[in-house]
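Accompanying notes for the structure given below.
Should a chain be cited, it is by its letter among A, B, C and D, assigned in written order, with residues numbered from 1 in that chain.
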């Protein structure tokens, strides 16, 4: 087993990896940029190495500096977390050359799955369903129409020249094909200088279902069931669950999709933990989207239903161990939900909200887990991803887990910055969400219809009173000079109000 | 189901019950004494009722005030937690008369198990093993010797007149009987004015094993496996585990002791959650000690290995529900350990250490649960029990759970008051503990031999540097007047050291 | 003490009277009550009113503007003291100069206008970046760029003035 | 700045030199090093020295006495400034008057002696109760009860003088 692991990441995922390293008796060394000197991952680490200034390309994305930190600290393996260098095949090769074990898949598997077209070809060869569509742009309208008919309406027209929604059109039937095709070409020409259009099957109200894979170096590949991550804003996941609510509607889906996940990983010669992502439709059909060749942000929901420690399994596999269990020994118990606590303002288009966390209370008790990279008094830096913590709850079934989540969200309080906590508090009250009627467009539609009047009149009154009391206290304080140090000031405030 | 539950308790257990009430959609009302106005259980409750001044007999032990609070708040049931009125049969009867459902056993079952002699008789009648011994004092030395021979050495001589160790003698063989008998009589006469002595089998290096019971009102009784609570100081539990390490040495013990637990509860006509406590010896023999007719402090370790919510089951049973599972459906997965975080000074005979918690950091991540009644800035009141929080960890086996505990303890920091956290940090490093070689005398012996020199020389240096830096800062601050309010002072301090 | 307050879009009058160190009588328009209020930590209060408990966290946004989280649910509240009405910043006249302030701390990636430029309402003025997101700060009205107070590549704090439009 | 320090039973000299806002050079007897020290919160520091990270929490017991928790492990440390040696309280002479202080906050349940009583070393003087535990405060030496500063039924804070023995 490794003696020391360098964690080439920051924030909550670095904290997550530290915890398992330490529980395995492995020294946890971390790296930090200047913006992160006081970050929680540094405070919890055994060792910490400065790697550079705040911009990620001068620190967490800088391969040479990461490798130097590993050499200087005497680490024998590197855990990349997610993001940053975690899916960078050159980094994997550089680790190999430096004699450091990269805790993750091989560079070859990473490259294969990192290429959209190669991954799609490999999946088709392995019999894993992909979104039906043309691989070449249509040469004419007639060809496009023919292809659309062969695929079956509704179809999606997509610009070959680029993405971002430009030149993209949903076409419901053959009758609508002609005008939409022309408009799409025009938009594509304007946006990318290339009018070419290809055609894909349109997945209506798609649901994001993914399969967690574990594979060792001896050809053993198992899955740890599926997750559903259909709640997304800005194409980023916000709330994830395991198992997938969609499976309740289509009981055969679990067996089919997990089998496809294992086949996908096997076809890629995949080793270590990975995730095969699919889009599914309301009928329970599913299509390969991509494979994430690393630990996922949302891995804790799988840990909660299987009671496995995925980081421990990653480390063991990288150290050459065989999988510790067979497919039939993987448990599935209860239901888990994760909420991503972002430093963002949900009332202002999820705009970033870095800054000082002036107070922080985290929930606890049965069935509640918090994976956090934040602490009270810490300033969330503006340089990196806004994910500051994850709240994960477990209970015996989905209804109970939602109720548990509701309770935990009420206990969870962050002031000083805006977070997505209030957004989740509203989401868990939503009937559609509670019924599991979710898809990747859910949040967008929900934001449209959410402008409900707040119903708790008593709490509104208290909000006004609280603001009034604070207003008077602040006014009183600004008119006299406080000569007291912090803790005495706190005490004085507690003893006597409104002075 | 109940609409509102009054929680007639305080601290971490009140918080624990609030969480489950809320997750069940039940309004959680709490009571508080003057000392607890700012306590966490009040802060997390839906409703809070003041019941009186700080002394417990004027508040948490005051039956009429508790009932009035229940009536005033419109609660339909009362959860007593542990301690205070939780095992008071008169309180149960008073609740009945007031039309409030008491969430716990009947007054009759409570009275039966509350009487040492009646409980012992009932257990013997039910075939549950009790500590062999005389029930009447010996009339003469010869009778005492005969009784000791019949029981089998070693035996324990115990004063009939009272407890607390006075007049108690361990006798290893018949040859030692005469002088010990005379000394015991003399001590008993002096202490209690009554020289009478009775004789019990001596359990050498006893281990505390207890069985968690759930019983509904329809005669269904199941057990949720055993716990081991052999680590005790001052006859109070400090660290508890499930399952019991002793079962590893005696695999048949689990079946025998859980069967005895169910028989004990059935014999008592017990309903709701309860715990049957046994003393066990190194050979795996066990003897009934007493039954606790309430939720135990250490119930979370059972929750971790069975994934049941015991408070939820208590409430469901009290509301008239049948047990939701059969004995054969009760899972047992992995290993859980609980550490009781007491506001006590382990370096000074575990003396109480109330006062302000100036900083508090709780651990998190996979397999870690904290049930806490404390928060940063809160003053632990001197009026009540020193238990402020419980750290519970889970992992796949005992070794992994101990490693997880070690990690969590390192993250757990409390300053301002002394706690048992440092004590547990040392305990988890102990080879005997790690090997599961524990008994109720473990902590006493360990305290004797623990005076190890601290081994981490580097950390010692940093301790000196840290104290030096703080010394200079404090000196600098005391020579100038700080005119800054709290947060600015914090920031200034962070920016520039040693000014 | 009589104050004016808004919660969301509703305006109310608020009277507060301290009865003892922790008891406060209040009247909001015609609705009166008495609350037991304890400061748990700066900007954090425990409030018991009519038997119910409220965990109250306050975030001061300055100029009498507060975000008040009651049991986790956030309410935007403003408070003004009518006796100091003239000093209170308040919303400035729509026809006067308007300061465009950064809504988040970040880095000025790009200036889209120059001093003296005529701009339309909702025209982008400055792009600020934080956490990999770019945010175009827009003009609240048609007018002329009077002052640009930041430069490309510089950092800004939340609430800092970026541009003045007149 | 040269200081005297004890850790446990060991006495050392300590020199501290601030190199920059966060870098401190130190020498403990003959052993020197350089530490990167950040204050995370009052009395909480993050220290990196020789690549290792230390989470340091300090509890001030007054008179230059500290409990320093390094990665959770607590060390008792005292620091004195030799230039101010005479003022520094320090341990008083065993033959002089001795103040018996409450080791914990609590309630004075019983006075076991009266002013003027002769007492033996380790004789109980006052019983203080907290959290259902009673603690007999004992005399550190044989002598006479000069002053009793508390009364039965009263409350005491930790560190408060209960009795003076001379």
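Assume contacts are C-beta pairs under 8 Å (C-beta built on N, C-alpha and C of every residue); 3 or more make two chains touch, one makes a residue touch a chain.
Computed from a predicted structure; not experimentally measured.
Peer 1: Compute the centre of every chain as the mean of its C-alpha atoms, then state which one is farthest from the centre of subunit B.
Peer 2: C
Peer 1: Higher C-beta contact count, A-C or A-D?
Peer 2: A-C
Peer 1: Taking each chain's centre as its mean C-alpha position, how far apart are subunit A and subunit C in Å?
Peer 2: Roughly 31 Å separates the two chain centres.
Peer 1: Distance from the CA centroid of subunit B to that of subunit C, rounded to the nearest Å?
Peer 2: That gives a centre separation of 49 Å.
Peer 1: Where in subunit A do residues touch two or more of the other chains?
Peer 2: Those would be 38, 44, 358, 375-377, 410-411, 486-487, 489-490, 494.
Peer 1: Could you pull out the residues of subunit C that touch at least 2 other chains?
Peer 2: 22, 38, 40-42, 52, 55
Peer 1: Which of the residues in subunit A end up touching subunit D in this complex?
Peer 2: Going through subunit A, the ones touching subunit D are 29, 37-38, 42-49, 72-73, 375-378, 486-487.
Peer 1: Provide the residue numbers of subunit A that touch subunit B in the complex, in ascending order.
Peer 2: 15-16, 19-20, 22-25, 38, 44, 300, 303, 307, 309, 331, 333-334, 358, 361-362, 364-372, 375-377, 395-396, 400, 403-404, 406-407, 410-411, 477, 481-483, 485-487, 489-490, 494
Peer 1: Hey, which residues of subunit D end up touching subunit B in the complex?
Peer 2: These residues of subunit D touch subunit B: 1, 3, 5, 7-8, 12, 14, 16, 18, 21-22, 24, 26, 28, 31, 33, 35, 37-45, 47, 49-50, 52, 54-60, 64, 66-75, 77-79, 81, 103-107, 130-133, 135, 158.
Peer 1: Flag every residue of subunit D that touches subunit A in the complex, lowest number first.
Peer 2: 22, 36, 38, 40-42, 46, 48, 51-53, 55
Peer 1: Which stretch or stretches of subunit B touch subunit D in the complex?
Peer 2: So the residues of subunit B in touch with subunit D come to 343, 345, 348, 351-355, 358-359, 382-386, 409-413, 415-416, 421-422, 425, 454, 456, 458-472, 474-475, 490, 493-498.
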